[in-house]
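Note sheet for the following structure.
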């Protein structure tokens, strides 16, 4: 790990809040999210569907539909430059240039009536003022870089002639066109089958090394997190409930939700008879978020205070830059068996 | 929040009874849910009211407005909508020989370069819609007069309007106008001439003829009880035509009501029959599938390919509509025979889709017979689509009827339908637009209402379908 | 693509043959014949005429004679129009109808795409509400009412300007063609506007539009390069059937505007059971429509690579 972490933050998000106006009222989709990404490292944002992961990164990119979407507060700085609240014209100076983005379903994320080559070349023509010919040649190079065989021929083909994995490679090629310093990958492997998933993750790691780029990886798959991430932010009901280095999150899980996610994940180690434990219930209604902890209703350790008071973001003292938003980290809280707690120095590794 | 230090009590286990898995919404049936959604759609509900009032207009209208739609009111031909009119009762038309002055020369002694305009231009007697009789004082130097009529006040000498006629003689100082007079202001102008050319002076008078009705006609139409008792010159109330009359003097409101019966009958019954035909045909094809399906569907394709207009007209000829027949039934049959394939194709598609669903398989495994499957599972699940088809088929059929009647290939006169009324109205469109506008508005509102209702139904039923997936 | 086009053409020929046969059978099933209108004809003259036109032969034989002549491109001689050849009637009047129809389709398609795109951009704002209100009117008002209103408008314009600037009826110059074709296209335009609007609104939510925004493309570029092109696709698919609808509507517009198109002859011929004119115009119209639909479908292939390459 890099020592002067805090000085090498490339992207810093602070207290970001996003709401959506719908016919049923305002949905508070993101409620004060803060995180940072270091140069050349990978931050994984984990959480279940609808917890606000995608909205968070799409807000940073300025691509949530407004209206109904609305950024109600916070800031996002890329190398010190504020990204939120920019005009469309100003946003387009960093979108696709300094931050690239790939999406969950490559099948629907590319324009069906444009050739792959043209779509990649389009970015270069818009941002780098290349001629059509130059841009097309560079597009072929980019496709080669993402290990697409017969790139020259493939560039002239349409999305429907590609397989899912190949399309995601093409998406990556497209997002890399202008050598971005940050790549946002919004569940890049969810729509792909398992063998392809590994290849795509492999490719992303490789490109991260060669291009020295940071990745924000959004996923609900802890296996992917373990493989890819340097740092992890666990999101629940529009908030980051636990954040820290990947090992700390896995071995010093300090929030019951992280623990729940871990238990719900199949693994090939440990006792054979161990059952997968689902997290019972469903996330709270974000039309009117609970006054207390969002996880209260589902938490096996729920305490009285959790219902009425929003937990503080407690630092986990043994670890470097590890935080958990849970009353159990309060020094007066009872000691639990499985959870890592500041005041109960038990190592729960494994 | 952080300013209050938590107490030990705060950290005791929660005893809240919040259920983690609760169903907060009441459970609704398919149609209940659809109805709730439809009720939220203001446009669809307004349309529903329009459809209902149309039904009222058609079925109960004639009870409240009991006027014979084929009765001619010759006094009020092509009458625009207006309040009830009164007419003056007059006798038979009497010829008028006009006024020729004896003490004035017919031809002037010499022809001056200019003359004065005529003076004292006035109606000879009460101007009526039967005749307008004008007299004026002669002008020295004139050898005749030209008479003009305009519907607005003339601005200058070139704007006198319709040339009615001329008199040939400086002493012929009267004119009788009987040219299709209406009870509205006219501007008569008289210009002296030298027998050939006009002097550029004119005199204008405004005349509004009074509506009249002859004794004979009034007793004919039973507006007066006894022709011998009635006095000429008394005012008489004429029949009221709130929507005006057509070019034959028939009451528009009564005709619109009767036309509504024809148009809506065809517009509702034809789709109803052919949608049922389509359901049976398409359901059959879809349920049995295979060769039967492809044969049946190929036939349907051929029917679709037939030139619609040609076959409509051929049907009409084949049925040989005789005098006095309305031609409603041939049209109905032709519509049904030519339009069923669209529904059949739709229903077939639905049935093919539903047939593969798990619950059909499950029912079959439990030993359900084909007719049970069809009646209990397949048809109820296609009802939504069918209902929507039907709502859109109604305006389409009304359009078709109107179109055919408009080109004279539909309902035979004198039976009115909205389409045939438009056909008649378009001929007098420039002078009496109301004869076209009323039936056209009725067609448009009806079609609009059914279209919006169909939109509403699609939304109500469709979103329900989406959430069921 | 070529094989596809050929296959479609073959299917088209079969359709036209079917239409011809069905029309022939139906026409002969209807009581009466083309000679019934000449009431004064004596039995002998009638017999001679029947012989001249080949009506004395069995229907089946007449059918094959007709088919043979049709393959040679000869539709015979009209019964009711003073020995005029059907080919001449078609040659003289079809171009008028076709010009009217094609102009109408052009107005409908360009207007539909333009208004549809506009309403989608201004969704739920004043331009959208106004246009969609007009669209609903356009769908609900019959074409003959539009034709009459269009004529009324021309009359008013002319009387306002004090001279006949735009002719109210007739055919010949561009100014004759504008109002009838506009009026004829209005219904379809309304339909296409609706379709285009919903198609545009659907595509705004597509993932690839999000991708385009994440690529940092300008809103204009996203609109023209990504949204518009994909939104037009469903509009093109319904264009084929709409051409048939416009052709039928053309009869009415020809009637109202006194346009010397083929429609009037067709209606007249059917009423008088003028066998040769019915067959000629039906087959010709059928072939024209089938061809137009094929052209639209092939055109669609050029816009949508998914169809072109499969």
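Every chain is named by a letter (A, B and C) in the order it is written, and numbering of its residues begins at 1.
Here, contacts are C-beta pairs under 8 Å (C-beta built on N, C-alpha and C of every residue); 3 or more make two chains touch, one makes a residue touch a chain.
Note that the structure is a prediction, hence the values are computed from the model and not measured.
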Contact-richer chain pair (by C-beta pairs counted) among A-B and B-C: B-C
Innermost chain, where centres are averages of C-alpha coordinates: C
Centre-of-Cα separation between chain C and chain A, whole angstrom: 55
Rounded Å distance between chain A and chain B, as computed from the means of their C-alpha atoms: 63
Computed distance of Cα centres, chain C from chain B, in Å: 26
Chain C residues within the chain A interface of the complex: 204, 206-208, 210-219, 221, 225-226, 229-230, 233, 303-306, 309
Chain C-facing residues of chain B, complex: 302, 305-311, 313-314, 317-318, 320, 395, 399, 402-403, 406-407, 409, 419, 422, 426, 429-430, 433, 436, 440, 443-445, 447-448, 451-452
Residues on chain A engaged by chain C in the complex (per definition of touch): 58, 61-63, 65, 88-89, 91-97, 100-101, 103-105, 108-114, 122-123, 126-127, 158, 160-161, 171, 174-175
Sites on chain A touched by chain B in the complex: 280-282, 296-298, 301-307, 309-310, 312, 327, 330, 332-334
Touching residues on chain C, where the partner in the complex is chain B: 15, 18-19, 22-23, 26-27, 29-32, 136-137, 139-145, 148, 151-152, 155, 248-249, 251-252, 255-256, 266-267, 270-271, 273, 278, 282, 285-286
